[in-house]
Structures are given as C-alpha cells and as structure tokens.
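Letters A, B and C mark the chains in the order given here, with residues in each chain numbered from 1 onward.
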C-alpha cells in the first residue's frame, strides 16, 4: 500500500489534504477524512491530558495552601539541561518535517533520528534528576512538595514514553524507507503530540520554579 | 494511531478470532460491550438482592453465604463488613460496568457510525483496544472479591481516610481497595480511548448532507457523553493515582495529621479528605450525565418514531443536551453540601444545580409535546421509552429537594438520596437500555424479540421498580440513613421495617422478572420472527441497510443525506415517513 | 395503551402517600426546624404539582393519541411554548433555592452567638464522645498519645494542662433547652456525620478539620443520633443521643459531673 519513493520523486508531493470541518460535506471515506479524524483524535487526547495535569495542579495548590509542612523542592540543575534537550528534540522534529515537505528524505531521516535520540536522552536525564533528588534526601513521601514533584515529572515521563513509541514507530518506518504519503498524518500527529509534551514540561518547570 | 478506515473497508475479516474476539468491527465491539454490561447488571442485581435480604433479615443463617465467604459470613450469617463490601461492589459495578458501558459504548459503538453514514469508527484498532481494556478492568474488579481481606467496603465513592489508610480502617481495605483503584484506573484509560473515537467519528466522518443539526438525537447524546467522559475520567484517573500513592507510598494527599485509626497513630500530615471529594465529584457528576444522556437520546428517537411525528423542538433538544453537558461540570459541589466545604460555595453550587434542572425539564416537556397529536404505536420498545419519561420525571423531581443545601441538611446521606439516584440511574437509564434493545434488535439480528414476553416484562418491571424505589423517599423523610447494614440499633428505624420488608420483596420479585428479558433476548436471536430491514418504518440511516448489516455497513456506497432525522407524517408525502437519505 | 391508566394509578398512589404523611419527619424541636419544614412543604407542593401534572399529561397523551388510524400532526415544535415553560421552570426552581437561602445562611453564614454553650464533639470508629469545659470554662489541651478509651479519656486530654482537669467527658450529648449551643466537631480517624432528625441538622465531621456548628433546641426530650457518613463496619451501630433538658436540670447534671472529678 505504501507509495514508492520514486513515485514521489516523479510525481511530486501529494497535494495537501483539504481541511473540511463540520459540514458533513467532505468525502467520508477518503484520505482527507482520515487525516481530519486523526487531528481531531489528537486534539481530544490532548484535552484529556490537559485535564489530568489540571487535576494534579489543583491538588497541588490546595495542598500547598493547607498546611505549614510545604518545603520547596530544589530543582536539580540537570533539569535545565533536560529542558534544552527536549526543546532541541522538538526543533529536530520540525526540521525533519520541513525536510520531508521539500522531498529531502535523507535529511528527514537524520533529523528524526536526532529527535528520537534526544528523547531518550531526556528520559535518561529525568532518571538522573530523580536519583540526584534521592541523594539529597527527597523521596516521594518526604514532604508534599517532593510528592508532587515526583508525581508530576513521572506523569510527564509516562506521556513521553507514549510519545517515544510514536517517534520510534516513525523512525523504523523511515529507516525501512516505508514512509509514503499515507504516513504523513502519523508523522504530523506524532510531532504535535511531542510539541505538546514540551509545553507540559515548560509548564511544570514554571510551576515548580515559582511555587515550589 | 491506527490504520485508516479506508484500508480495512475492502477486506472482510476472516477467522474466528479476527471476526468475533479481536474484531475491529464497531458492530462486534458494540455487542461485546453490551454483553459485558448484561453480565455486569445481573451480577450487580444479585448483589443488591443480597443486600436487601440482609437489611431485613440480618441474623439469618444462610449456608451458601458461608461457602462463598467463610470470613465474611461465618456460620452463614452475613457480617456488616460483608454487607458494606457487597454494597461497594454493587454501586461500582452498576455505575461503571453497566451504565457507562452499554448505553454509550454498546449502542453507541454499534449505531453511531451507521447513523452518520460511516463505514466504521474513526480508529477501529483503538476501538478494539478500548473494549479489551474495559474487559481487563472488569477482571481486576471481580478479582477484588477473591483477594485476601475481600472487596473494599468504602462505597463506590471511596472517601478517604476510610479508603486510604489500608486494612486499619476495616476488612477489605487492604488488597481489595487497591484492586478496586487499579480497576477504576484501567477503566479510565478505556473510557478515554472510547471518547477519542466517538468524538473524532462524529466530527469528521459524517456523510455528505448530514450536518450536525440533522443528526439523530442519539448521535448528539453519544457525542456530548463522550466529551463528558473525556474530561471527567481524566480527573478520576488523577484522583485514583493520588489515592494509590497515599495507600502504598506514604504520601499525604488526602490524609491529615492527627489520625488515630484502630488505636494506631499514623504519621501522615497536612492532607485533605475534602480534596478527594472535590476531584471525585468533579468526575462523578458528569458521570451521572454520562449514564443518562444516551438513554435520553434513545427516548427521543423512539418517541418520534412510534408517534409518527417529528421530535418537538429538535433545536431545543440539542441545546438541552449541550446545556446539560456543559452545566454538568459546574455542579459537583452539590454532593458535598454537608462536607465541611465553604458554605458560600455551597450556595453557588446550588444555583447552578437548579439551573441544570431547566434543560432537563425542557426535554421532558418536549417529549410530551412529541406525543401530543401523534399516532402512538405501543411496541415494547415504545413502552420502555414512555416508561423512561415517567421514571425520569419521578427521579428528577426528587433532585429539586437535594439541590437545595437548606433541605440537604436533613436529606444528605439518607435513603432520600438513594431513592433519587436509583430512580434516575438504576431505573430510567436501564429503561433506556431496554428500549434500545427492543428497537435495534431487528437490525442487529434480523429478527424481532417476542412482543408478548416483552410487554409482560415491561409492565411487571415498571410497577416493580416503582415499588422498590418510591418508598425510599419516605424512608429518607423519616431520616433513615444510608449504607447501614441493618436497622436494629435505633428505635426510630424499627418502625420503618415494614417499608424495608416491602421493598425487599419487590426487589426479589422484580429481579426474577428480569429473567424473562434474558430468556427473550437469547431465544429471539435464534427463534425470533424474521424482521424486514425497516420494521418500524423509521427514518434514520441504519434502517436503509440489511439486517444484520454487512461488515462495512453501506456495502462500499456513501449515503447522501437530504432530510432531517424525524420527518414523520410530512403533509403531502407518499408515506408517513421520509428517510434521511431519500431524494430531496 | 394500558400504560396510561397504569401511570395514573401509580401517580395517585404516590400522591396519596405523600399527602397522608404516613412516614414522615418527627416533629421539629427548634425554630430552624420549623423554618426547614416550611421550605420542605413549599418544595413539596411545587414539585408535587409538577410531578402530578407531568405524569397525568403523560398518561393522557398515551390514551388520547394512541394509533387509531388517521394522520399525526406534523409539527417541529412551538417556540413560544418553549420559552414560556422554560422560563417558568427556571423561575420556580431558582426561586425555591433562593427562598431556602435564609435557612442555610442562618446555619452556616452566621456565627454562633457569643453566649453559646460550647461543647466539643469527637467522633471515632464507632462511638461518640462529648466534652464540656467544666467550671473554668476552658477546654484542656489534647494529645493523641494520651488517648485512652478504656480509661475514660477518648479525647486524650493532656494531664499536664490544668485547664483540662475539670473537663467533663460524656458518651451522650446533653444540652439545655432554649439556649444556643456551639459544637466544635472533630474526628479521630475517618469521616463521620452528626445528625439529629428533630433538629433538622447534620454535619460531616472531617479528620484534620475542627468544624463549628451551632443550634438551639427548644423542646425537652431525648433524640437519637445516627452517624450519617459511612465510617466502616460499625457505621450502623454508631449511636448516641441528644438529651435536651430543662435549664435547671442541665445545671444540676453539670454540677453532678463536676463533683465527680
């Protein structure tokens, strides 16, 4: 079912799918509908994830305001490095997508691989950060702030594992030269999800930087 | 995500496993959810009859209790802790595995794609995963019956500290409560997967000409229900994670300082039991609308079909569904009026709660308006839809008392509350499921269910549920608290025992009657009278395709919709109905 | 079509039992209780009429518009009717809750009067304890480590605090009639709820919180108090009594308790 690379080179990139929301006027069985549905599905998934973090955040502020045993958790320095790593991985993904749009498949593969490796590096960095906190005496149940720190970073990491599996799937398909136009939506959905994880991460860093 | 719909459309699945077990076909998945709910409802009903029996005969020696629960019922006498565990599991199984599965994922999975003219849901693999994840959640929940310590006893609401301090606070609060939380967390994931499918399918896969305002009200209900589930279950998942951490990791999200449970001083600090209640009910209130909205959609569908009239005020009905869905997120505090939360927020919640009564009332008036001037055909499906309206009125009306914090000062945690939510969820919503079953059975199987058995089942059940649940309001007015294993310790409760006895007998009788339905369901699959493809002369798209439908619903064609969903008795039309896909 | 009369019969039976007050509230013993009953009655009338009319209308349409041949009326609705009945419902429902706000405010927005008798309530699995400050008018400090249920110290009154020496602990709560009482409610373990039917009042008792709650009982008598929030396997046995005494009798009781210390 996948188109060949030669077909793409010969015929040029497939036309962008038409965006046709809410009128019931598009061809429901075509590729356009699948792309639209995937984008809607992604948006819906992001909404649920936002609700999850919103619930944790509201618990955070309630707990913080409640008693006098809140001790700010020190942000391990490696987390700043991790933030840069994550942002770099998103940049790599965008460069990959831009390369794909210009038909530069080899560059797509390079950038996407870089993004995947940076994602793994982020997860390793997170693990190191947790170990550093443990060494400084901060564990899950040490005090409410540390509880939330581990909880929130762990929830983010779980989401990231999901993102990694998407990145990994595209990576495998790219290396096996199986990325036809039918996979374009999968690439875009993975990319947007990954950027969303950036946003959540920055949000968490801000939360802990300002409110402990 | 998963393979595009169009790829699977051209290859019918082969092999038993692919066709019936790990099917990607929304129709098979819908049937799987439905039968999961049927199993669960009979399990939940059995638990409720055991509960009602114990309340009236607390000292009865029943030898098979001892066989099933040697520690919970030594000598065959049910202990209070066993009663509370049965109550917890009854509520949990009914709310999650019956009311959150069949109405939405059962009927919705089967009929949403067809009613909007699609070949399948947007993400068939995700759909299959959502069912099997739900199934896994059920396995873990049922496993809680068999773990050491038995099932939890903290109610389906699992308030900490009772649910958070482990076996110290009671039997079943060890592994049983942990399994319960894990099961619910898995269920949250399954619901999320389902919600993604329903929302994307409704928004993006509608046939040409099927604008949102031409969708059947069933589709609107499933759509809004999916949004409620999406946002609500995410919060429940968060709450469950926090509770699990408090139980297993020594955190203090919900556990304050100064706890002494069972003579043991605990060293938690600073948590808030109220935080759980806020998080839980932020999910819990939308959850009850998840339970009822699909039934409302089915009621609307059937009342129009069997009165041969358009639904009265289609637009208002849509706005009412949207209004109920939206407002449903802002009223959770009415479960917490007595909780110790800020009394000013109680006031705010009560205003919003009364407001949500308004769209519900609109729907009721519009249902009666639909019937007015109609040509009503009393099929069993229609009887259940009519019964739904009556029960919804009765159940909804008692909400007007509970939504006022001033009156809740007496009624909170009494049988008045139990009567209210059983009428609405335990009966009206179930009637919606019965109605849907009788209505759509001919489409799913190509046969009718037996009408005589159906009518007998309907009338006995309708009268039966009124007998079981209306007296609960009088118990509430008399101040009878809920979640009591027996009533032998209080003088004032002794006088109420005749009511309890009446309700117990009504419950046993009504449960027995449900086997008529079960028999009818299974017998008719093989022996029901063959049905034409549009036995009800109905207008929506599912009635244009064969019964049972082909694996890709429309046999490769894409229907085009030219009419609204309820064009019945249009003056000047050749028949008393115009199908949605009829020429313009 | 049989459903129509069935709905009517069920409606009439239900209305009959509500009107007949067969299983009803116990008589109120306070002004709040009377205000409560008035609000309940108002709500009952409004909802009862709506209930009656809706069910009768349902039964009526079932009978009148059963299929007897002919055609159904083709109508998509009536906007005027929608606006009218929507507004009426909104006014009625919101009106009811606003009317009840005065009652809610009196219980929760207003603080207890300054001369209220203060009593501490302590709920635990599965018993109630009450504490009076004794002649010095002060509650002694408590310490969880000194809790001794068998030895009569469920509150864990700190034996190093002189203010606690004259505190009176009781398993049931006694109050004087006609005088405001302020409860300070605490729980030692899980959530409980203090409920007196005749007072028309209840309040959750939450560990980690000290919840003030005030009332005034005007009628002498003994009233049962059932715990009203699921607290474990003994929830159904967690009983105490509220004894409202004539002021002179209450004083006598207090003195007797103080003398035993």
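The rule is simple: contacts are C-beta pairs under 8 Å (C-beta built on N, C-alpha and C of every residue); 3 or more make two chains touch, one makes a residue touch a chain.
Please read these numbers as outputs of a predicted model, since none were measured by experiment.
Undergrad: Could you classify the connectivity of these chains, where an edge means two chains touch, as line, ring, star, complete or other?
TA: Shape = line; chains linked end to end, path left open.
Undergrad: Could you find the chain whose CA centre sits the greatest distance from that of subunit C?
TA: A
Undergrad: By Cα centroids, which chain is closest to the centre of the whole protein?
TA: Nearest to the common C-alpha centre lies chain B.
Undergrad: At what distance in angstrom does the C-alpha mean of subunit C lie from that of subunit A?
TA: Chain centroid spacing, subunit A to subunit C, equals 51 Å.
Undergrad: Per the centroid of Cα atoms for each chain, what is the distance between subunit A and subunit B, given in Å?
TA: Once rounded, the distance between the two centres reads 34 Å.
Undergrad: Based only on mean CA positions, could you tell me how far subunit B sits from subunit C in angstrom?
TA: Computed value for the inter-centroid distance: 30 Å.
Undergrad: Hunt down the residues of subunit B that sit against at least two other chains at once, touch-wise.
TA: Residues 257, 271-272 of subunit B each touch two or more of the other chains.
Undergrad: For subunit C, write out the residues touching at least two other chains, lowest number first.
TA: Answer for subunit C, listing residues that touch two or more other chains: there are none.
Undergrad: Once bound in the complex, which stretches of subunit A touch subunit B?
TA: Listed in rising order, the residues are 1, 21-31, 33-34, 36-38, 40-41, 44-45, 47-49, 51-52, 54-56, 58-59, 62-63, 66-70, 140-141, 144, 147, 151, 155, 182, 186, 189.
Undergrad: Can you list the residues on subunit B that touch subunit C in the complex?
TA: These residues of subunit B touch subunit C: 79-81, 84, 153-155, 159, 161-162, 165, 169-171, 256-262, 265, 271-274, 307-310, 312-316, 338-340, 343-344, 346-347, 350-351, 353-355, 357-358, 361-362, 364-366, 368-369, 371-378, 383, 386-387, 389-390, 393-394, 397-398, 400-401, 403-407, 409-410, 412-414, 459, 462-463, 466, 470, 474-475, 477-479, 481, 483-487, 489-493, 496, 499, 568-571, 576.
Undergrad: In their shared complex, at which residues does subunit C touch subunit B?
TA: 1-3, 6-7, 10, 14, 17, 22-26, 36, 39-40, 43, 46-47, 50-51, 54-55, 57-58, 61-62, 65-79, 81-82, 85-86, 89-90, 93-94, 96-97, 100-101, 103-104, 107-109, 124-125, 144-145, 147, 188-191, 193, 195, 197, 200-209, 211, 224, 226-237, 239
Undergrad: Which residues of subunit B touch subunit A in the complex?
TA: Residues in contact with subunit A: 1, 4-7, 9, 117-119, 122-123, 126, 192, 195-197, 199-201, 203-212, 214, 230-231, 233-235, 237-239, 241-242, 245, 249-253, 257, 269-272, 275, 278-279, 282, 558, 561.
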